[in-house]
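Two complexes follow with chain A in common, the first pairing it with chain B and the second with chain C.
Presenting the complex of A and B:
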């Protein structure tokens, strides 16, 4: 430990701590922009400068290591003056567009401009006037707002190993661009949206489609039906001033009705269904010598990644559609039939923690119902905006119930929202199917938590199944390279594109740190524990849909509606 | 595209080899086409976005096609003060192109550069690396004629 004095406060900090870390220990807040708690130090914005006794120049707190006896001042007039000048320089190249900006009130630059009382700018305003990149259905780039902190690039390359974003040119002409200066769609981008969480400002954001939703609600001919993914509930509270995990599911149901949904159903229903289809697919592959290891297929960012970087391993992917797309295919067939409504009138909206789901829903093959299966995907953030727009007071909303036929779910579906959840849910069912015995303890705790790659060997009455779980595509890459090399010891691998799984999805409330992801994961397992039914095959509506409609897992109807195939994206540069 | 790989390969194990490889490519065709960048990324085992970063970082690399002769006008302070702007105007008149453009016949490209270390007689231009110091607007046509 090293002792330093920060603003008169004595503090001991670890030997390799930076001034910024020591200040945090001392309870002193230093402003930052390029700094990110889960990333390497970049030290390119200079907004964190502080005074160090004995040094003539101000020092960047994020990159300067402390030395024993260092005396640091973080709030002298000279420091404040320097920070204001730095902010003014950044703002002089920044569109003065807060009122119209998707990050209004949730922007690190705006917050600092407010905090440092920036009222006018001595520097001439010079905005570059670069075009927006709207090439993908998921992610929009607005390069004029970029402050060149390079946090997005780090997330894309280091967390995700996608390498879609990089620096172009230098000095005044520097820009963060998709590889080779192309648009995002042409780049290897998998639309996971992790760059959005990394970005301190509004330079990368989701393709916002609130207006499409409002138009559908306003159309009297449309029956607007929603499905909502399990990761949404634990995070949506953050958008409306509640603590993580605090939103009550049944209150949320009423709130969804109040913003205009005619029927509120749940993606959890098809998550349970996925387990029956995918579990049986796995058993079939094991018994019949099919392609192993089998990879899960619920995460569209992961599917894009596999189609981009591992097209040679597409046959290892489960043919199961994601729960969102299974739901989409069923709502305009099975559900429409049961409800006696004309499927052409159904407008199916999914609420997802995910930006890649917008791309997935728009895939041309996702129309097995005879219509586009999912008409619109809204992210958790967009739902938050709709809630705020309609001024709902969550403390006064009476709890409501999900509508029938595709609204029932078990705890196994709930945990799909966290890394390891699909694996755990699958094991709960596969165990009982294979052994014929009741699974007494449904908790497979090896599968839980933020560790990058988790693995185990499960004994199903003598049948040994080796499984692995990876989240974040950089971890997925490690597992995939092993498979490609023919050295993978596993039968079944769960992969989620986003760190932490769907709770850390690119459409979730802006999530700067992994600590927040861990908090949401807690909320997921709490919800699972509170439920009576925790195994997918016990979902009464799932039992019913097999009796009435699908007849058997992997049967004819399932193949038509619930399964799909994948394509090599043939990307020319990676 | 095998030709790019052939040019790039010899630098594979040199430290900073990608920069030398890009120089070698430019020597052949005066700019770095996309495929050369993609090939370099493959040879050096780095993501394309990084190879692209290198290709755009240095002002002596160009990712746009350029003419056979590259005229670079120094815009650093001494040359600037000595009247680089008039030289630019004169070149633009003679060639009918602006800075960053290439003549229709693919012969000349005009670019700006920083100090090329010839400040003893300013302003300075270079044509394919050959410096011309203390240039006057009147000399421009004469210099260009050397390349006819």
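Presenting the complex of A and C:
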């Protein structure tokens, strides 16, 4: 430990601590913009500068290591002058657009402008006037708002190994641009939205489609049906002032009805269904010598990544559609039939933690119901806005119930929301299918947690299955390179594009750290534990749909509605 | 009148730079041999005691710098010669390398022995293709004769960005990355090229090494100014009669440089100011020209010695216009990494332009002063920190010129 004095406060901090970390221990708040707790230090915004006794220049708190006896001052006139001037410089190059901005009240720059009482700016406003990039259905870039902190670049390259964003030009012409193409659609971008979480301002955001939703609700001819992904519940509370994980599922059902949904169903239902289809697909591949290892296919950012960077391994992907798309295909066939409604009137809206799901829903092949299977995808953040818009008071909402036929679910579906969840859910079912015995302890704890790559060997009555789990595409790349080299020891690999799995998806409430992701994961397993049914094949509505409609996993109907194929994106970025 | 003292340039015009035999017969590579007979720490100690300070601008004690790298255990260390020479009006490194390449190679090899490095790089300005050829010939000849022993030297070409002369941007550039400075600490002697201990020294710094080993620390410490001993190669440009390069002891005064060696101002005009050390140097008015050029004396008058460029302007020049053009240079050369420089250099240029066009106000001048203060203390690298110096020094010394232009 090293002793330093910060603003007169004595504090001991670890040997390798920065001034910023030491200040935190001393309870002194130093402002930051380019700093991100899970990323390498960049030290480019300079708003964290402090005075260090004996040094002539101000020192960036985020990048400067402490030394024994260092005397640091974070609030001298020179420091305040520097911070305010730097903020003014940045703001003079930034649209004064807070009122209309998607990050209004959730922006690090806005917060600092408020904190440092920035009023009139002596530097005249000069906005670059760069065009917005709306080329993808998922992600919008607004380069005028970019403050060049380069956190997105880091997230895309280091967390995701996609390298879709890079810096071009020098000086005040420098800007973040999509690499290898004129826009994001041409770039290798997989639409995971991790750059959105990294961005301190509104320079990258989801393609917001609230207006489409409001129009559908206003249309009396439309039956507006929703499905909601398992990762939404644990995080949506953060959007309406509740603690992570605190939103009650049944309260949520009522709230969804109040904002205009005619029927509230659950993606969890098709998550359970996915386990039956995918579990059986795996067993079939193992028995019949099909392509192995088999990869999960429920993360559309991951699918985009595989199609872009590993087109040679597309046959290893499970042919199962994602739960969202299975749901979409069934709601306009099976459910419409059960309800006796005209499928052409159904407007199917999914609520997802994911930006890539917007792209997935728009894929031309996703119309096996005869219509576009999922009409609209709203992210958790967009749902949060709708809740706030309608002024719901969650403390007074009475719990409601999911509607029938595609609303029941088990704990196995719930854990889809966390990294390792699909694997654990699959093992719960596959174990019982293969061994014929009851699985007493359903908890496969090796599969849980934030470690980048997890693996295990599972003994199913002598049938040894080796499995791996990767989340975050940089981890996926490691596993994939092994497969490509023919050195993969695994039978089954779960891959989620986003760090932490769907709970860290690009559409979730802005997530500034992995610590927040871990908190959400906790919420997921707590929910699973509280449920009576925790194995997908015990879901009564799933049992029913096989009896009445699908007949058997991997059967003719399943093939038609629940499975898909993949395309080489032919981007040639290898 | 003061006289030149050619130490670094001792072989200038006397040897054929393309013939290593010439350098050898002038006593070349003897110092390397001598250094190799000493233990590395001894070499470092001699360098420290000599008081040699970097000739690239920052003026850091060379032996002290080597000591840091010497002191660290690492599987690999590097010696890098900064030959980027991007400073407009500066060409002293070119003169040295063109005329006596081996003196630089020898200095680098001695450094390699002192810190325990076997690989060296010369990062040479892209606009100097002829120099690159000369260096490569010299390296090949020295290798053929086995003069460098196990020390290897490779020449890398710069891509024309001014900021790549900054040592950490230079390192990034050699690594094949965008030429952007790194934050410090860690400093290159601790973690430089590929995060290994790395010594980056200027061409002229390396050119001083062999003679120090040969003649001893005391000899060198006795030349020129006490706190910044030795000589300095200067290049004279602007409104001056003799646009020449000279090598003088560091206790030479500015007046001797401009009016003695430079022959004063042409056409009988009067001296207005001199900017020393390159584009980011301070402008020095007449009242300070008795100052000696050594680092510390210059610092006292808010000026620099820097690379040794001496740019003189006469009474007929519009100094606000001159500084406006300098501001434009820095706006163009900012790498764009850090906010105060990326935005600040652009604003400084804008404000200077406005004042220069007669559209500025006293408030603009005040804003320039504040902005300069912030940039000088908060920018990530020396470029942004020094960019406002010409502005501040001219506002301070030639306030009337600004006053005449603002409304």
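To be clear about the criterion, the second predicted complex is superposed on the first by the 569 of 574 C-alpha atoms of A that agree within 3 Å, B and C clash if a C-alpha of one lies under 4 Å from a C-alpha of the other, contacts with A are read in each partner's own complex, and residues count from 1 in each chain.
Methods note: a contact is a pair of C-beta atoms (placed from the backbone, for glycine too) under 8 Å apart; a residue touches a chain by one contact, two chains touch by 3 or more.
Keep in mind the model is a prediction, meaning the values are calculated, not measured.
**Student:** Let me test your reading of the model: by the given contact rule, A:78 touches which partner, first (chain B), second (chain C), both or neither?
**Tutor:** The second partner, chain C, only.
**Student:** Quick one: is A:22 in contact with chain B, with chain C, with both, or with neither? Answer first, second, both or neither.
**Tutor:** A:22 sits against neither chain B nor chain C.
**Student:** Could you say whether A:423 touches chain B, chain C, both of them, or neither, answering first, second, both or neither?
**Tutor:** neither
**Student:** Once chain A of both complexes is superposed, is A:157 in touch with chain B (first), chain C (second), both, or neither?
**Tutor:** first
**Student:** Please work out whether A:89 is in contact with chain B alone, chain C alone, both, or neither, and reply first, second, both or neither.
**Tutor:** second
**Student:** Check whether A:139 is in contact with chain B, with chain C, with both or with neither, and answer first, second, both or neither.
**Tutor:** Touch partners of A:139: none, neither chain B nor chain C.
**Student:** Have a look at where A:46 lands relative to chain B and chain C in the superposition and call it first, second, both or neither.
**Tutor:** A:46 sits against chain C, while chain B stays out of touch.
**Student:** Applying the document's definition of touch, where does A:170 land relative to chain B and chain C: first, second, both, or neither?
**Tutor:** both
**Student:** Contact-wise, after the overlay, does A:326 reach chain B, chain C, both or neither (first, second, both, neither)?
**Tutor:** neither
**Student:** Looking at chain A, does chain B or chain C touch a larger number of its residues?
**Tutor:** C
**Student:** What part of chain A is shared between its chain B contacts and its chain C contacts?
**Tutor:** Residues 167, 169-170 of chain A touch both chain B and chain C.
**Student:** Going by the contact rule set out above, which residues of chain A touch chain C in the complex?
**Tutor:** Chain A residues touching chain C: 33, 41, 43-47, 49, 56-58, 60, 63-65, 78, 81-82, 85-86, 89-90, 92-93, 122-123, 147-148, 167, 169-174.
**Student:** Of all residues in chain B, which touch chain A in the complex?
**Tutor:** Its residues touching chain A are 34, 37-38, 41, 47-50, 52-53, 56-57, 63.
**Student:** Quick check: in the complex, which residue numbers of chain A touch chain B?
**Tutor:** 157, 163-170, 178-181, 187, 572-574
**Student:** Would you mind writing out the residues of chain C in touch with chain A in their complex?
**Tutor:** Listed in rising order, the residues are 161, 178, 183, 185, 331-340, 342-347, 363, 367, 370-371, 373-374, 376-380, 385.
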